[in-house]
Amino acid sequence: MNDTMSGAANWGRWGKNDERGAANFASAERIRDAASALVRTGKVYSLAIPLQASDVPVLPPRAAPQHFMRLDGGDYAAGLKRKGGFQTSDDYIALGTHATTHIDALAHVWYEDRLYNDFPANTVRSNGAKHCGIDKLVHLVGRGVLIDLCAHRKLPHLPSGEVITPAQIQDCAQAQGTELREGDILLIRTGWMSVFRDKATRAEFFKTEPGIGKEAAEWIGRMGFAAVGADNWAVEAIPVEGDVPAPVHRRLIRDFGVYLMELFDLDGLAADGVHAFLFVAAPLRITGGVGSPLNPLAIA
Amino acid sequence: MNDTMSGAANWGRWGKNDERGAANFASAERIRDAASALVRTGKVYSLAIPLQASDVPVLPPRAAPQHFMRLDGGDYAAGLKRKGGFQTSDDYIALGTHATTHIDALAHVWYEDRLYNDFPANTVRSNGAKHCGIDKLVHLVGRGVLIDLCAHRKLPHLPSGEVITPAQIQDCAQAQGTELREGDILLIRTGWMSVFRDKATRAEFFKTEPGIGKEAAEWIGRMGFAAVGADNWAVEAIPVEGDVPAPVHRRLIRDFGVYLMELFDLDGLAADGVHAFLFVAAPLRITGGVGSPLNPLAIA
Amino acid sequence: MNDTMSGAANWGRWGKNDERGAANFASAERIRDAASALVRTGKVYSLAIPLQASDVPVLPPRAAPQHFMRLDGGDYAAGLKRKGGFQTSDDYIALGTHATTHIDALAHVWYEDRLYNDFPANTVRSNGAKHCGIDKLVHLVGRGVLIDLCAHRKLPHLPSGEVITPAQIQDCAQAQGTELREGDILLIRTGWMSVFRDKATRAEFFKTEPGIGKEAAEWIGRMGFAAVGADNWAVEAIPVEGDVPAPVHRRLIRDFGVYLMELFDLDGLAADGVHAFLFVAAPLRITGGVGSPLNPLAIA
Amino acid sequence: MNDTMSGAANWGRWGKNDERGAANFASAERIRDAASALVRTGKVYSLAIPLQASDVPVLPPRAAPQHFMRLDGGDYAAGLKRKGGFQTSDDYIALGTHATTHIDALAHVWYEDRLYNDFPANTVRSNGAKHCGIDKLVHLVGRGVLIDLCAHRKLPHLPSGEVITPAQIQDCAQAQGTELREGDILLIRTGWMSVFRDKATRAEFFKTEPGIGKEAAEWIGRMGFAAVGADNWAVEAIPVEGDVPAPVHRRLIRDFGVYLMELFDLDGLAADGVHAFLFVAAPLRITGGVGSPLNPLAIA
C-alpha cells in the first residue's frame, strides 16, 4: 500500500486472490452487530427508484430499462383458453445493469490495464468479467449510515457541482449524532434526485451533480468503508476535479476496492431521521457482470 | 374467508386495497425479532443460482438469461483510447423474470378473472400489472425457516413427483427443533436441484419434481406463512394432484396472497445446519412486473 | 366495398381468407413488367436509414435499436485463444419493429375490433398476430414510383403539417413524367428527414410532419396502390385532420389493406432523378409480427 | 493475390478501401442482365425460414429469436381505451444476427488478426465492426443460381458430413442446364434442412452436415461468385476437413471476400425447378453488425 493519490491502496490486503475488496470490511461480526443494535422497529426502507422505461433517469448513451409481457390478462380477455381454469402471466426485462439504482462491480472501472487487486483488465471480455465481477461480491450487508447533507444544510439539494469534503461528512455525522466506523456502508444524501423529479429542472440532472471529490474518496478509502452510495448518478462531483475522468471511481473502485452505488432514493430514511441501520444489498448473481440493478434495503 | 379449497381465503384481510398479501404477516415486529434473535454469527448465505445463459435450469419455453458487454477490457486491448487513462466496462442483461432464482408476484397466477384481493385480471396488460405487481411487494424480509427434508430423510433428493404433506413438514421441523410461526418465510429443501446439477439426470429435471401438494398449500395458507420457496422449479409437486394445472399456485398466490419462490439453492444453509435466520428478498422494483429475479439472502 | 370514408373498402376482394391485402395488386405480371421495363442500369438504391442506437429518429416511447457484440476482435487482442488460428465475431440486435425504416403489418392498426378483411382483433395477442401479421406479407415487390414533392416544389422540405392532396401527387407525377398505375408502390419524398438530420431543427422532427391526408388516403386506396412509403415518421400529415388519431393509417391499413412504410431515405433516388424502378422490400418473416425493420431496395 | 490455399486472394482487387468484397462481382450490368433475362413470370420466392422462438434451428450457444408484443388486441379486449376509436399494436424483436436465415458480414470470420482486405481485426470491438460490417454491403443483388444436389442425386438430403466438390456442383449445373458465371450468387440445396424438420432426426441437425469443402471454396473464390448460400447451418461440411475450424469460412470470407449465407429454405425453388433467378438480399443496415437476419428473395 502507498500513500499517494493513486496506486494499489488495498491490493493484497485480503490476499492476492481476493475479489470482494472493501466488502471484506463488512465482516460477519459487524453484520451481526448491526442486526442486533440497529434493527429497533423492523421498518424496512427500499432505497431503489422504480425500474421502468420512462420517467426515470438513465445516463446517456445507456438505454432505458425495458419490460415486456409475454402473457397477460388481456390474452384471456381476448379469448385465450384457460386450461382447467388456470390463468397466468409472464414477463421479461432488458436493461443496462447501471441504468437504474445499481451497484458497480469492481471490474467496472480501472486504469493502467489492471483491475482491483492486480487482476489483468484483459480478463474483462465480451463474455463478462472473469475477475472482480458482481458475482464475486455475492452480497453487501452491514451497518449502513445516512449522511443527510440536505437536512444538515437545510437545502433541498446541494448546489450543482459542489465537491463534498471529508470535513462536511464528518460535521454532518457529528450533528446527526452518527458515529462512523470501519466496515460501514456510507450513504450520502445530496438531494440531487429532486432535480430530476422536478420536470422544470430535469434537463439539468445529468449535466452536473454535487458529490464527493478526491479528498473524500481518499478519506473513505482510508476509513475502511465497504461501500458508498448516493442519490445522484455518479457518487462523485461532476464536473470532476482535474482533467482525469472519474477520479473518485478510479481511486475507490480500483485502488481501494470500495463499491460505488448510484441513483439511490434516500428520502424515506431522511423523512424518518434514520441515520444508522442494517443495510442489505443483494446484487443479481450475474456471472461476469460489471454491475447489477439493485433494490437496496435499509432495516431500522 | 371460506373453508373450501378455493375462494377468497385472505381477501380483504388487510383491507380492500391491499396488494402485498401474506407479506403483511411478516410485520415490522417480526422482522425486528428475527434480526435480534436469529442473527448470531452474521454469516450471510446467498440462496440464488448463477444468472447466466448456460448450465442453468430454464423452464421451456422461457429463454435463458442473456448478458451482453457494451464495453470491456478487450476494447482497450484492441486500441480504444483511454481518456486521461480512464478505463471502464459496461453491460446489459435480458431475462425472463421467472428464468432464474425468482419470486412470483401476486399477479402471476389467478383464476376466474380475479387476482388476489379481487383485483380484475383485465388490469394485467401489455404494459404490466396495474395491481399486485412485484413493485407492490417492495421487499420480503422476516423470519426464514429451512425445512431440510433431504437431511431429515437422509436422501440426496426426494423421489420424483412426491407430494409433500403438512405432516412431513411438521415432522421435519420437530426433528430439526425448528418452531414454525405465523409470518415465517418457509424454505423447503427437496434436493431436486441436484437432479439438474448431475448431467446424467439433467434431462429429467423439468419432467417432474417433488414438491408441496394441495393439503400443504392449504396448511401453509392457514398457518400464515408470508412466502414459500424451494430448490425446485415450481414449489409444487409435478405432476400435480388432479386435473387443474398448478393447484398450489392458484390456491396460495390468488386465494391466500402467499408468495412462491423458485429455483433456490439451499445447500449452503443445509451444510451448516442453519434452520432459522433473517431472510431478506429484495425484488427489483419492476413497475408492473409479474415476477423478479432474486438474490435471496439468509443472515444467520 | 362502400363509398364512405370508412368501412370495408377492399375486404373480400381477394377472398375471405386473404391476409396480404393490397400487396395482391403487385401481381406477378406487374413484377415481371417492372423488372423488364424499369431496370435499365442495374443500380441499386437502399432506402433505409442506419440501424443504430443513436443519431437516428425513434418515435417516443419506442426504444432505440440496440446492438450487442457477443464476441469481437477485442477479445482476441485481450488474449482469447484462436483454435487453429480461427477468429470470429458474433452479435445480437434488439429493436422495436417500427423503430427504424420499417413496414407496418396489416395487424398494426384497426378500429371497431376488426382487422383488415374482418379478422377479429382479439387474435392479436401477446404471442403475436395470428392474422395479418408481417409473416403473411412475405415480400413486397413491384413497380415503385417516387413522387418527389421537394424537387417539384423546389423546397428542402414541405412545410410542417402540410396535408398532401391527390392533386399535388398527380401534378408532381405529371411534371416528372411518371405514370401512376394500379399495383404501384408509391414513395413520397417530403424532405422531412432533413429536419431530423439538421441538429438545429431535430427537436421539431416528431412534433409535426407534412404527409398525406384523408383525401389522398382515399385516392391511394381507390387507385389500387399496393403500399405507400415516405421519408417522414408516419406517412400521414401530423397534426391529423379531425379528432380521430391516425385517420390515414385506419383507412389505408384496415379498410384498404394498403401497407404503410416509414422513415425512408429517398435522397439517393432524388439525386439521380429516378422516378420509376423495381421496388423490393423483404420484411423479416417474424411470425406474428406487426411490423418489420426493412432495408427497402430500389433497382433502376 | 497468391495461389496457395490461404492468403490475400482478392485483397486489393477493388482498391485498398473496399469493404464489399466479392459483392463487387455482382455489378450493375449483371444486375440489369439478371432482371431482364431471368424474371419471366414475376413469381417471388422467399428463401427464409420463419423468425420465431421455437421450432426453428438455432446453433448453440446462440439464443433463439424473441418476439415481444408491446401492445395488442388483448389490451383492448381487457378494456384499454380507444382514443377516437383508434386501435393499434406494437412489437419488439431480439435476436442473434446469425440465429435464423442470415448473411455473414465480412467481419464475421478472419485469422492472423486481419480481416478481408487487410483491415485490422482490432477494429471489431464492442461497439461493432468499424470495417467490413454488414452495413458496408448495403445490398446483395444479382444473378442467383440454384444447384439442387438433392434433385440431381435423387436423395431427400445429402449424407451426413459429405464434402461437396466443385465437380459435383459442375455436374449438377450441367445436368440442370444451368450456366455458372462470374458474379453469380450460388445457392446449394443439400436437403439438410429436412433433417431438422423431421422431429425424429432433429437432434442430429447440428452435429454434422453435408456442405462444401476446401476444394469447392477455392473454386468458388476463383470463379468470382459473389456469395454462396445453403439450406444447412454453416454452408461448409461438418466435420471439416483437417484440424482448423471453419476452413471454408476462413478462405471465402477473409481471403476472397465472398459472402456466406445460411439456414436458407430452398424447397420452393426446387419444387418449381427454378435454377436461375434475380436474387435480392437486403440485409438490415446494422451499423457495425457482423451479420444480418435476412429474408432473401428469388424473383423468377
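Think of it as A, B, C and D in the order they're written, each chain with its own count starting at 1.
The rule is short, and it goes like this: contacts are C-beta pairs under 8 Å (C-beta built on N, C-alpha and C of every residue); 3 or more make two chains touch, one makes a residue touch a chain.
Values in this document were obtained by computation on a predicted structure and should not be read as measured data.
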Applying the touch definition from the top, give me the chains sitting in contact with each of chain A and chain D. B, C
Strictly by the touch rule at the top, which chains does chain C share as contacts with chain D? A, B
Centroid of chain A to centroid of chain B, CA atoms only: how many Å? 25
Whole-angstrom distance, CA centroid of chain B to CA centroid of chain D, is 44
Where in chain D do residues touch two or more other chains at once? 63, 66, 69-70, 72-80, 92, 94, 121-127
Make each chain a node and each touching pair an edge, then name the shape: line, ring, star, complete, other. complete
What does chain D use to touch chain B in their complex? 53-54, 61, 63-64, 66, 69-72, 74-75, 78-80, 94, 121-127
Residue ranges of chain C touching chain D (in the complex, touch as defined): 27-33, 35-36, 39-44, 46, 48-52, 62-63, 67, 69-70, 72-74, 76-77, 82-98, 101, 107-113, 120-129, 135, 138-139, 141, 243-246, 249-250, 278, 280-291, 293-297, 299
Chain C touches which residues of chain B in the complex? 66, 68-70, 72-80, 92, 94, 126
